[in-house]
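Please go over the structures that come below.
What follows is chain A paired twice: with chain B in the first complex and chain C in the second.
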Partner chain A sequence: MWRKYLALSKAAWALIVEYRAQIVIWMMNSILMVIMLLVWLSISREGAVNGYTAADFVAYFMLGWFVRNLTAVWASWELDFAIREGRLSPMLLRPIHPIHNEIAVNWVEKLLRILIVAPIITVVLIATPGVQLNLSPLNLLAFVISVAGAWLIAFMSDYLIGMLAFWTTQTGAFIQGFYGIRLVLSGVIAPLAMFPQAVQDVLRWLPFPYMLNFSVSIAMGRVQGEAMLLGFITQWAWAAFFVIAVWVAWKIAIRNYSAVGA
Partner chain B sequence: MRYVRLLALFLKSNLLMELEYRANFVAQAALGVLWAGVTFVSVTVFFTQTDALGGWTYEQTLVIVALSVLIEGGIQLLLQPNVDKIIQMVREGTMDFVLTKPVNSQFLATLRYARYSGLADMSAGVAIMLLAFIRLGYAPEPIALAQFAVMLAASFVIVYSIWLLMATLSFWFVKIDNLTELFRALFDTARFPVTTFSGLVRIALTFVLPIAFMTTFPAEAVLGKLGGATLIAAVALAGFLFAFSAWCWRRAVLSYSSASS
Partner chain C sequence: MGSLRAFVARKYRTVKAVDDVSFDIEAGEMVGFLGPNGAGKTTTLKVLSGLLYPTSGTATVLGFTPHKREPAYLKQFTLVMGQKQQLLWDLPAIETFLINQAIYEIPRDQYAATLKELDQLLDLGPLLKKQVRKLSLGERMKCELAAALLHRPKVLFLDEPTIGLDVTMQVRIRDFIAEYNRRHGATVILTSHYMADVTALCDRIIVIDKGKVLYDGNFRALIERVAPYKILKLQFEQPVACEQLAAFGDIASCDGMTAVLHVPRSQAAEAAARLLTQVEVDDVNFEDPPVEDIIREVFAGRVAGLGTAHEQTPAVNPAGAG
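So, the complex of A and B:
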């Protein structure tokens, strides 16, 4: 399997270097977080907001930006396109499930994103006075595991939505709708700690917080002990759910699939 | 008169096209309402922690949110489909078909297509504005309404002119899809009072990319707290940008040499 992934990754790297212009697009997707940070800073000028100082907001949005980049997915668009255009058929003939190619492309692209984003984040976090992070080795490990879980939920849920293309031609609307909901409920526009308690109590059982807010909270040292453990259990339960859902849905879809076009 | 008739024809042919793809229309309309909801929540969340943003109360800010959703809908309805088409036509060289028609090319190129699902966003915008008024228990005076009508018209003209300018650039730089994306990303600031931002950002949002003139100032008008100077500035800016973008369009068309030949 590793050798397959190495081959896929090499091809993916060539592809990504070719489509460098995409970098401009992500940078634009980041503008929303900058705007939100500016607005939060404007109201934290007079003092801490619900336990968040100005420095905490900077830390939250910088780390959030990092996690968001690492969990960015677009496999659903590719899948939707492949199904509608009938390009899925040759992929099915390969001895390897098409999802593996999407995963390889996604990982390789993450490497490029880290190279661009990590230096910016490091500089901002160092230059902002009063930023507090929990960088103990154990906590860093927890952060890494949580990001892995976040990626798995993000990728698999996205792939599941992309598979709607087997049944409908309006997959694009579902992808964008899910993206919008994720923006609000995963913590891109605001730390979830800013939401009313009742909302937070519901959210904790949904997959969304575990795609961003959970990881950032770990790095900031705001989730610990039992709460962290419960968070991890919920996160990986959702991750397992989506993996299984993709697997089952794929079996059903492929049985009924008949190609479009040539 | 001829142009009014043409416009009616365009609207009708677009409607027929839209009816052909009903599922797409429903999906896009639903998506528009959902995104209006995202915009609404992304502003409301601040007011769970504060009473005012840049000196604007929640209800007053909702008027700004409503305007940003309304304009977003207008962009979906008219500007995005036409500008996308212009970029495509320049790239493929089919712009010839627009330029050789015996009508004003700017009129034909920027008003030919419409995506009616944008009306769903616009309705959501109107609904948010009504919600704000009901919560405020406020009904605008006739003078405020008149000022609002002028400011809203200026706002739409400014947005239109900026989109026309972006389209114009496609004549020289073939790949400018990113530019319209950039506008939409920066337009996310439009849902907040411009006074929320400080220093350079506020100056840029007022004078460089005049988003303040698109949402904050029209909201001031309908709430009856607009200064006369701002009104004059908005009309002047709209007039200037419209004339300037139309001039750039003519220059661009003159320098256009088809793609294939």
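So, the complex of A and C:
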């Protein structure tokens, strides 16, 4: 399997180099977090907000920017196009599930994003006085695992939504809607600690916080011990849910697939 | 108003794309699928390649049930669609080839050998390094075929492989398919609008229309049945009496200076010889009736007692998608 991934990744890299301008523009998209940082910095000028100082906001949004780049997905658009234009047919004829190509492309693109974003983030975090992070090896490991979980939830939920194209021609609206919800509830606009407690208590059980807020909170040392454990259980339960959902939905979808326009 | 109604209350109706199509194809055979647009040719190929689930009936190819899409099956056939491509648009074709090598788990030396052979047959050479989007349609089709054959499939489903190509390129692709079949004993099922593709490649044809098989059998036999005559085109030095020509065959047209006769195949040579001795002929020309006309006759249902002339046991038997 790794050979297949290697081949897919090589082609993906070649494509990314081909589309480099486009990738940079997409990255601008994720710059929303930098803008939100500026907003929250101006709010926190008077003092800490819900336990977040200016330095905490810098840490939150910089780490958030990092995680957001690592969990950026667009497989739903690709899938939607492929299904509607019948390009899925040739993909289905190959002895490999089309999802593997999307995964390979996604990972390779991550590499490019990190190469560009990581240095900026590192500089900002070091240059800002008062930034507090928990970078113990164990905590770093927890951060990495949480990002992996975040990616899995983000990718699989996105793929699941893209699969709606098997049934409806208007998947775009669903994708946009889901992106919007994700933007607010995963913590892109504001750290979830800014939300009323009642909202936070509900969110805890939803997949959204585990796509961004959870990982950032771990790196900032704000989730520990039992809370972290519970967080991981919830995160990976959602990840498993989406993996299984994609698997099951695919089985059903492929039966309905009428191989349009070929 | 109508469009508003369509917005709130859509009507769906079930259309049978393929209905009771049964046939059996031997390994190594080349079979042509003929039929007008929407006849069910592509649908049948999609069922055979596992893209469609038949709502009823069964299909078996190489002992596999296509719609289960087992990797072992997927590795043994290929579907080339003239209007769909698998090549990555923005990269050179060789990149897609390398992906296919990995995905189909083609051993390195076999890959090299196959690529060399395909290069020989199709003259791929410089094309492989050019971005696919910069290739002409014909060049792209050559690369598309090569990409589809790298894993040396035993069964080829070719759906309009020559669509949009000029005559030279059509002949090129056709020759290639024939050669591939000869070398590897691959089974080929071909659909095409271009009658020449089918006449050049296939001994056997299956004519389908509106999802039903109108004819299945030997191509020559069909021609002889539907058009058991040759067309004799004559040009005279001096005006002749048309009645005089009736002795040589059925007069299809005659204006005194030129005439077209339908002569039974078995008597064609003898009739021509007789004619040349008895009439002052300026030019004489024998032709087979155009295949298009023959097929049109079949479509029009004017050919009696056709059915499925082919002797069969229903092993490959895709039927009914609703």
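Just so it is clear, the second predicted complex is superposed on the first by the 260 of 262 C-alpha atoms of A that agree within 3 Å, B and C clash if a C-alpha of one lies under 4 Å from a C-alpha of the other, contacts with A are read in each partner's own complex, and residues count from 1 in each chain.
Note that in this section contacts are C-beta pairs under 8 Å (C-beta built on N, C-alpha and C of every residue); 3 or more make two chains touch, one makes a residue touch a chain.
The model shown is predicted, which means the values in this text are computed figures rather than measured ones.
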item	value
Clash or fit, chain B versus chain C on superposed chain A	fit
Partner chain(s) touched by A:A190 [first = chain B, second = chain C, both, neither]	first
Which superposed partner A:I43 touches (first chain B, second chain C, both, neither)	first
Chain B versus chain C as contact partner of A:G180, first or second or both or neither	first
Which superposed partner A:L93 touches (first chain B, second chain C, both, neither)	second
Contacts of A:S9 with chain B and chain C, given as first, second, both or neither	neither
From chain A, separation angle of chain B and chain C (C-alpha centres, steps of 10 degrees)	90
Contacts of A:Q200 with chain B and chain C, given as first, second, both or neither	neither
Touch count on chain A, higher of chain B and chain C	B
Minimum C-alpha separation between chain B and chain C after superposing on chain A, in Å	5
Interfacial residue positions of chain A with respect to chain B in the complex	21, 24-25, 28-29, 31-32, 35-36, 38-40, 42-43, 49-50, 168-170, 172-174, 176-177, 180-181, 183-184, 189-190, 194-196
Partner chain A, residues of chain C touching it in the complex	42, 46, 49-53, 69, 71, 74-75, 78-79, 81, 83-86, 88, 90-91, 95-96, 98-105, 159
Residues of chain A defined as touching chain C within the complex	3-4, 6-8, 10-11, 14-15, 18-19, 86-87, 89-96, 255, 257-259, 262
Chain A partner contacts - residues on chain B that touch it in the complex	23-24, 27-28, 30-31, 34-35, 37-38, 41-42, 45-46, 48-50, 53-54, 175, 178, 181-182, 185-186, 188-189, 192, 196-198, 201
